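Just so it is clear, A, B, C, D and E label the chains in written order, and each chain counts residues from 1 on its own.
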Amino acid sequence: MSRRNAVLLLVPGLALLLFGFLVPAVMMLLHPPDTPALDVGHRLAQMLADPFMLGIIWRTLRIGLIVTAVCLLLGFPVAYLLSRSTSRWSGLLLALAIFPLLLSNVVRTYGWLVVLGSKGVIAQALTGLGITDHPPQLLYTETAVVAGLVQLFLPLAIVSCYSSLSGIEARLEDAARGLGASRTATFRLVLLPLAMPGAVVGATLVFAGAATAYTTPVLLGGTRQTMLSLQLFNYSSVTIDWAGASAVALLMTALVFAVAGASAWAGRRRVTA
Amino acid sequence: MRDGSDAVVRLAKVSRHFGDVAAVDGVDLEVPAGSLTALLGPSGCGKTTTLRMIAGYEHPTAGQIFIDGRDATGLAPEKRNIGMVFQSYALFPHLTVAKNVGFGLKVRGVAREEIRRRAHEALELVGLSELSGRRPRELSGGQQQRVALARAIAIRPSVLLLDEPLSNLDARLRVQMRAELARIQRESGITTILVTHDQEEALQLADQMVILDSGRVAQAGHPRKIFPAPANRFVATFLGYENFLTLPGRGLVTIRPEHVAVLPESGTAPDGGQSRPGTISRITYRGTDSLVTLDVEGDTILAAASDPDLHEGSRVRTFFPDDRVVPLAS
Amino acid sequence: SEHAITVSTFSFGTEQFNQVVVQPFEKATGIKVQVETGNNADRLAKLQVNKAHPTVDVMLISDYFAALGEKQGLFDKIDAAAVPNLSKIYDFAKSTDGYGPAYTFQLLGELYRTDGITDPQKAADWKTLWDGGYKGKIAVPDMAPTAGQLFLSATSDVFGSGPGDVESGFSNLTQLAPNVLKFYTSTTEVTSLLDRGEVVAAPALDSFAVDLVKAGKPIAWAVPAKGRYMATNEAQVVKGTAHKADAEKFIDFLLSADVQSKAAAAYYDKPVNKDATVPDVLTKVAGDAAKDPVAAGYTTLDMAPIVANRTQWVERYAREVSSK
Amino acid sequence: MSRAGRSLRPARERRPVLTVLAVAAYLIMLGPALFVVAVAFTSGSTITFPPEGFSLRWFGAAASYRPFLDGLGTSALVATAATVIALAVGIPATLAVHRGRLPGRAVVQNLFLSPIVLPELVLGLALYQQLMVGLGVTASGVLLIGHTILLLPYAVRVTGASLALADPALEEAARGLGAGPVTTFFRVTLPVLRPGIAAAAVLGFVTSFNNVPLSLLLQGPGTETLPVAMLQYVQTSYDPVVAAVSVVLLLAAVVVAVVAERLVGFNKIFGGIGS
Amino acid sequence: MRDGSDAVVRLAKVSRHFGDVAAVDGVDLEVPAGSLTALLGPSGCGKTTTLRMIAGYEHPTAGQIFIDGRDATGLAPEKRNIGMVFQSYALFPHLTVAKNVGFGLKVRGVAREEIRRRAHEALELVGLSELSGRRPRELSGGQQQRVALARAIAIRPSVLLLDEPLSNLDARLRVQMRAELARIQRESGITTILVTHDQEEALQLADQMVILDSGRVAQAGHPRKIFPAPANRFVATFLGYENFLTLPGRGLVTIRPEHVAVLPESGTAPDGGQSRPGTISRITYRGTDSLVTLDVEGDTILAAASDPDLHEGSRVRTFFPDDRVVPLAS
């Protein structure tokens, strides 16, 4: 293929990206509607000095990190067992782990209302078993938001870890065991460092998704669990504060990139250590 | 629980079934201390499974395995003190050469300084002490193979197990590494079991050659004993005896192409063998000699010949020297 | 097409709205109606966005957003002569500036579970929410739903000098916050919180109690002893519409005694037309206030200070109340 | 996705800790959906578990609720159109990147993948603010652009992975056998890419169909998608109508999974999302 | 534009530079009609680049390429009527075997019936007419290779180009397919250029062997001419002449291990050659014979011997027959 033809093939895609993505994204920061120049920067500075906004940023970060940690803690074992299984069920189990990705977040989150409500499955189980007469409030708490987000993003964590783990030759574990390493030593010295790239990808995707999610916090949280995404939506669709919305968008993006960068760095350090 | 024999590894009626498949089927085997035993056989005959049972990655469904005189049948791999070199080398890609070699010592809690010393020693033995800071991916195939060997040796194992350690290398390197392997085994004196499907490799390296056929031992013994006298057609085929025919008074026999003489049709037959008339159906030039395909009274016979006067279609006389003809139990 | 209008309305009860209002209107006038739905804020925002080329002709919207829209110049005054039914409605429903009228009203009261609060007197006292006996068992409106502003004004009135005394309102709501399970963000959300027993009481609009009461659930709605405020929903003509006459026809139709009666029966929009009939279910919930709210002591809020301060109050509410 | 080799461990070894964590993971992923299914068949009027009796009435209610029907139509339309456009624009770009010997191809490739790292709400806001409010592009137009941008990375990456696996000698072989460049594209390149294109199409359609943040911000007259309609319904009312819709969507997802399995391998398509 | 020669393919001073690398450097080459020419050489010597220029996938930076007497230097591949078999086979995975083989005819607009007939004919030639309905992935490596060949032949090309067609096959299959390839080329009579790095393959198949060294022709001619008389050390090494030494009166010479005789130290030296004393440093058993490594007055010499009386450390006499010793231009 000649270079000229190659460039021609790229033109439609580049045009779409430019006018449907890059230009609007930049303009959103430089010039929101009905807003004086540089107002976004001004608003950003205000937000960073405002304890209320800082609280929201911190909650967003915290929820994102907790969800990421739980997803890795639960997802890694699933991925490991699937990658090492020779059972004929393993294909089905992998499919079941991936299947939720086909389902709308609304559908998936909706189930938690049934599970966590005050007459929900957990509460009824607790009272039914006589453990307590006053089941704890579960819905509209940070725990509910975390549970919902963990459910949403576990498949992503599993798939990332799986693709990394299934690329690690099983022989390496054999070799470590043969050299005298116990199971835990093998995990710590061989498996974990080698699975790190997949775990980092997984962590990045999960954090990016969890920290910017809208559906789940809006359904399972309340006004006390406000995250940046809800704030962005409020500014853009309720109070019509364009500069504020743009500033929150910038904050959200920066948060995602900062955490992605940090996890990539930590992953590299761990592997080379 | 010591058993009587002084073999370092002893398998007593060991079998391993996978569902219906008998991968290994009642194998008895003694590996004397300091020797090199080669497990040889075609793909799927059970070589790897046998080796993995000795290492503890697989457990026998019947029989017992003794290592250093103690029953090791149910022991976990990390408790056996065995050095294994995998076909794919299985080097840890995230560790340097030195750390790979030191791995087994590190998990044994050996002191840092001592690890360094012994890793260096093992790398010297395989001639790679210069490369200790590299990662596996920065090494050639032959170098990786030697690192795997050094890693296995560094823990001073009772037995060294090698699963087709050379089969991933190209022809030239394979020959070279084969000599290297012989040297290292000789110098270290470690009892070694080598899995291969390459008869040349086994012939060249082994003190004991064990040929497996569908999970059973087909023949075992010193290469110089087995090679000139394969016990049956399976072993003969495997060792490159291409010709099988029935000779009057000798029954079913086998003979290698190199030992079949192709003589002019007229002329007297030499003594000490049998002579049969034949026709040349094809000649394939091989450089030093040609491979001649003959039709000998209905049998297809291959002979290696360097006579430039042979032509396709010529009628000739084939000669089978008595001392080269191996009778087979059919 | 010549005679077609777009009516923007709330996103619930659309089916009944269609049957009671839209289809009869189309039949009676030959004017086609396209219905669009959404919440107040969203719809007003979109109206603002499309100000130059309005895509909506009639806006059915709550009083605060109507006032906001008036201020932003999104709505047009109407020609009283083109809307004869204006003369049939209560005074509180009429615009003093000539804009569109209210076509229904909503009362703030206490929605509660009768198995949770057994004493109706307690239910009728706003201060009951504060006394800690129902900590974690009450819901309170956020500022986004209509009930939010009403409850802020009611609190200001009950604890302070009047509905405008928001300082008192905010400080008392801050104290209330720890008792609150959830600050509900849309009005109907609260009915399910009650129905499922997540909460036992919540300040809420009367209309949302109707289905629950009718279904015989252990739920009632109480007119508060003090702090009676109501909101209205208005019908506004969008400025710049090319179909102003048709829009006014639609509003007049909406105000007619017949349509008002049917709407009240079908989806509990309480009539402003004095000649309309109020179904029994509504009076069962709210008593006489369902018929003539002003006579029952309810007042509408003064929109001027709200329009001036609401953005700031929303922000303040988020910081001082709903996030606590 | 390939397995990393056969059984490596003595068959007797058990891993209690890993197994418990894995079971917990599956419970969290799938448990709530099972309750949704149960609730959908209740004859009661609230979402409580266990359901009060059995009835199909909520399916009837869902089927006659206009916003869901309209939303379904909108979602299907937008997802189809966005997928088709993303592929039509993405496949040529993929070809250029993989076969074009371009300078800086890594940069171009990353540019096409870049929307994936941006939070969807941010993309939605940018388009809402700049295209809809700023330039007055219609809501449906912006919705389509937004979804197309959202899918473009999948189109480029999935078909690219498929192209990278294809032997470049295939095209040379076709040329050598007498086929010109255009014939080669339609007779060889495109058919060889078919599994990748199918995978990208399924992935793209599902991603667009389920998207909430973008659709929520960009909804305008006549552009309310099904997930947005469901979200708004759940926010304002707790009857089991949405459970019924969820069951229908769940069944649809099963069908998609089975079809995807037949086409290319379900795990392969969706397994690629996270890598 | 006809040129004088009757070669089907002629390269005139063809070069191909990639940046600074001269992959092919002034190659002259004539491929006579109906012959099989083998391009041979170590990795990176320019074999593939040469072949790709003949096929038109790559263009010379200097020189000219003539096909059937016409200048084809700048022609697109689809205009050259050349059949190429790729190392990876490059079978179209979405088409059946029959459609793969018929592809070249289809794009030429040949009628359906005719395509079917000729595809069937080509598949008969490679012995695969039974499998015409299968997909490539349902075939073994050897079968795929033959389909690729049939596809290339079906268009009745002027020249058939084969780029290491056998290197992806395992050893046993490779030997078998080599014979098959020879038969097909003979039967079809198509002028063929075969790239390989396997000297055995070239020896066995080629009418003309062209050995490339870093983009230049090192030696060209019939295998039976080249093999016994390598022109220089590069060619000799490549053809497996392991021994290089200087003999009095003959200068630098080379000789194969098979031709070095190992005789008892005492005893008379035979005629017709030179004799030198040496010490055996290592003996490696190879089955039929042993490879003996000798130290001969400082030179390391390899000899193949089957005498069982040789031992490591023995002093012996080596004998280099005059007719086996090849003098080299150093």
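What we mean here is this: a residue touches a chain if its C-beta (ideal position, glycine included) is under 8 Å from a C-beta of that chain, and two chains touch if they have at least 3 such contacts.
Just so you know, these numbers come straight off a predicted model, no measurement behind them.
Under the contact definition stated at the top, the chains bordering both subunit B and subunit D are A, E.
Geometrically, the chain at the heart of the complex, using CA-atom means, is D.
For subunit E, the chain with the farthest CA centroid is C. If you compare A-D with D-E, the chain pair joined by more contacting C-beta pairs is A-D. If each chain is reduced to the centroid of its CA atoms, subunit A and subunit E end up 57 Å from each other. Distance between subunit D and subunit E, defined via averaged C-alpha coordinates, is recorded as 52 Å. Between subunit A and subunit C the centroid-to-centroid distance comes to 38 Å (mean Cα coordinates, whole Å). Shown for subunit D are the residues that touch two or more other chains, namely 8-9, 47-48, 133, 235, 238. Multi-chain contact residues, meaning those touching two or more other chains, occur in subunit C at positions 185, 196.
Multi-chain contact residues of subunit A (touching two or more other chains) are listed as 117, 119, 169, 171, 174, 237.
By the touch rule above, subunit C contacts subunit A in their complex via residues 41-42, 45, 48, 136, 142, 144, 181-183, 185, 196-198, 311, 314, 318-319, 322-324. On subunit A, the positions that touch subunit C within their shared complex are 52, 55, 117-119, 137, 139-140, 222-224, 226, 237-240.
Taken together, the subunit D residues at the contact with subunit C in this complex read 45-48, 65-67, 132-133, 136, 220-222, 232, 235-239. The touching residues of subunit E, when paired with subunit B in their complex, are 179, 199-200, 203-204, 223-224, 227, 239-240, 256, 258, 284-288.
On the subunit B side of its complex with subunit A, the touching residues are 55-57, 76-78, 80-84, 86, 88, 90-94, 103-104, 106-108, 151-152, 155.
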